[in-house]
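Which chain is which? They are A, B and C, in the order written, and residues in each are numbered from 1.
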């Protein structure tokens, strides 16, 4: 009679599994990095973003000249060795101000991305997971909010309250920017909650809170990170626009938007005052978007369009 | 030589105690809510049977018969539309919230798809150990020790405790799913087609593992499958389901040797045997058509549209009840054993 | 797939059995030269036709291969939905399959649609011809696919897991249909499957594949009665049987099929083989004749293994 004593069978499976079955261990992030490395544009973008971030951090401790100090040289001076990016209409060192502006842009961008992501993720998770009346209310808010122009809301908040400090700007932009994140997370949650591993989690007595944050959230993390990455440049340009209108961070803080606006009057005879911050802004936005695209493709090749 | 034979016992089975009693369980899913409104899929439509302590009850049927839905309703993953599910005399249907969650320690499920039922972002150790965390049974080193133990029992190398599910093969993933179901020492496990997604040469490993675990931990299984050969191999008793109803329940031996319901008989005759000589002699009873839609099941006996021995009008008008046709062999047919 | 050679006689039913990744589907695809990039037929010949006037599929031009597919050989797949156009009526698609080749005039083709559907036992074929594929159930779709495949009266029908997605009662209907078509039309059938029992009920000859190689080949009865390769032998003992009365432990094949990008040395089955000898680890055995009509790729062979270890002997 054909027999296979159980101990023998288990032992044998065991040995075989060690020898042949499991491949090398690759985590999601290693895998993502591996794919990202092959995308040259994304790599250049990543390097540029890291560079801007580094400059922003350095500016908090050191700039060639004090950011706010006027008359460190002749006004409207074009680039020289002492002032590689020239001086502005008040005789301030543009390189120093550009560095300070990088810090403001990054603070607004990352701050807004974080704050609006938290709002969007929590509301999206709740709406997608519990459905029913919770979803109805949140979806209604999302849809109404979606129909109102963001800029209008932010300008009204700033004008009505009259507060223009950085944190307040971040809060004002976040109040409008969470909508897309909430939509995305709600959609992800709706589909993930039907997956069998969520069912399995319920069958082993996992509480709702743990299902949300241990099972659903980590599996939606890829798209969430990509979406958050795109939030950074949109917040930066939002802030630049506010500053351009004179509603952003108050002078003499060197926002790139404000710098562009200030130099506009002297565009004909000192174009560098406007062009340099505009270029910095443009390049940073392009780099952040390319970084987001690269991350999206690397995180999930199937998402590529 | 160890021959592990589990010959069907001759003990009077009626004296065995029911661990799970399912009474008139109904599960309807609403579809296409809106203008048309009110259409429902009658996935499970009034089902009663019991699972006895320590046995394996095989639940078989073709796709769309409602067996997986029934399994999920019993495992309390879908709420029943109506009916009662008694587990050790506690009606699970009335339990809610924390009480139901506590009950899950004794009631576990093994899923069909070992790729979909494991969270891809969690390590194997976290997946298997999660039930311990949920019920605050063990944490840290103690949890790891218990996870190691269960992994070893299930034929997994504990050295892979911090690997991710995608690094494992289908068979190993199913072992992970089994380990997760086992770690709380449950008494009752619903196994929903646990081997049908696996390669042929791997299926036997999992079947044997399930058998070993049952012997060692005195488990009671509800084993859901469409493969009647596997069910025969594993089950003490078998329930056959057709279009949301149980059509026959009996001891495994009775049902395979002497099926009373024409559907069971046709189902059995349809399954090829890996023996060319036997196959040459067998003549399958070919049923007409395919399983009807559970949205509008046929009137009377639901099988009458495909039944080779249906007689009209009785079969198309009167629904035959599931009743004892002698020595505990239950069948729902007006003309049992006549095919 | 590596060094696979076999033949199919006119009107024969041959089963190719193997697990996923064993190369059984690739083998069949190669016959139609349907191997997807980056796969390719690196060497070898695929001959078709009568002795003396054979054509080599590998050497055919693109026009010839198009003519060859459908006309001489037809193929049906596990999921018929993927191989039917969802926006065209079933009857029209069958007509098109005939129109693509020039065996029938357009009128003949039109007239043949309903009889073809009737032949594969689709009820109310006149009405059904006007349906779209999604209005068919799984079993009916598979029948329609068979009708389409057979519409040009090919000599060979390749069925790749034709019943895997179907329920057992429907599977029985399809097997019965294939058997009848083979008998009535004389169409040779290659049935690719992982299900040994289906092979036992339909095929007269079996080819067992493992890790891209044929490991055993021979008449069905002989293979099932006295398999000589340990893989075949183990496989037959690892599946529960409907006619098995006792609860007896199943035999397990430990481990996994090998990773074909990095196959083990020697015999590809040796890591999972309970009868291996030292030679198996180093040298790959040839596919040698072990009995009249039966070939196996093994240094040991089951008859020797069982003689040496009588406690392993047993009824299949």
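Observations
Here, contacts are C-beta pairs under 8 Å (C-beta built on N, C-alpha and C of every residue); 3 or more make two chains touch, one makes a residue touch a chain.
Values in this document were obtained by computation on a predicted structure and should not be read as measured data.
Centrality by C-alpha centroid: the chain sitting nearest the overall protein C-alpha mean is B.
In this assembly, the chain whose C-alpha centre lies farthest from subunit B is A.
Rounded to whole angstrom, the centroid-to-centroid distance between subunit A and subunit C, based on C-alpha atoms, equals 53 Å.
Remark: subunit B and subunit C have CA centroids separated by 31 Å (rounded to whole angstrom). Note on chain placement: the centre of subunit A and the centre of subunit B lie 48 Å apart, centres being C-alpha means. The set of subunit A residues touching two or more other chains comprises 1, 3-6, 9, 13, 17, 21. Shared contact sites, meaning residues of subunit B that touch two or more other chains, fall at 1, 3-4, 169, 205, 208, 211.
Contact with two or more other chains is made by residues 248-252, 254, 256, 272, 311 of subunit C.
Residues of subunit A touching subunit B in their complex: 1, 3-6, 9-10, 13-14, 17-18, 21-23, 25-28, 195-197, 199-207, 210, 214-215, 218-219, 221. The residues of subunit B lying in touch with subunit A in their complex are 1-4, 72, 75-77, 101-102, 104-105, 108-109, 111, 113, 116-122, 130-131, 134-135, 155-157, 159-160, 163-164, 167-169, 172, 177, 180-181, 184, 205, 208-209, 211-212. Within the complex, the subunit C residues that touch subunit B are 19-20, 123, 137-140, 167-173, 175-176, 194-201, 220-221, 224, 234-236, 238-254, 256-257, 272, 311, 316. Those residues of subunit B whose C-beta lies close enough to touch subunit C in the complex are 1, 3-8, 62-63, 169, 171, 199-205, 207-208, 211, 226, 228-230, 232-234, 253, 256, 266-279, 282, 284, 286-287, 289-291.
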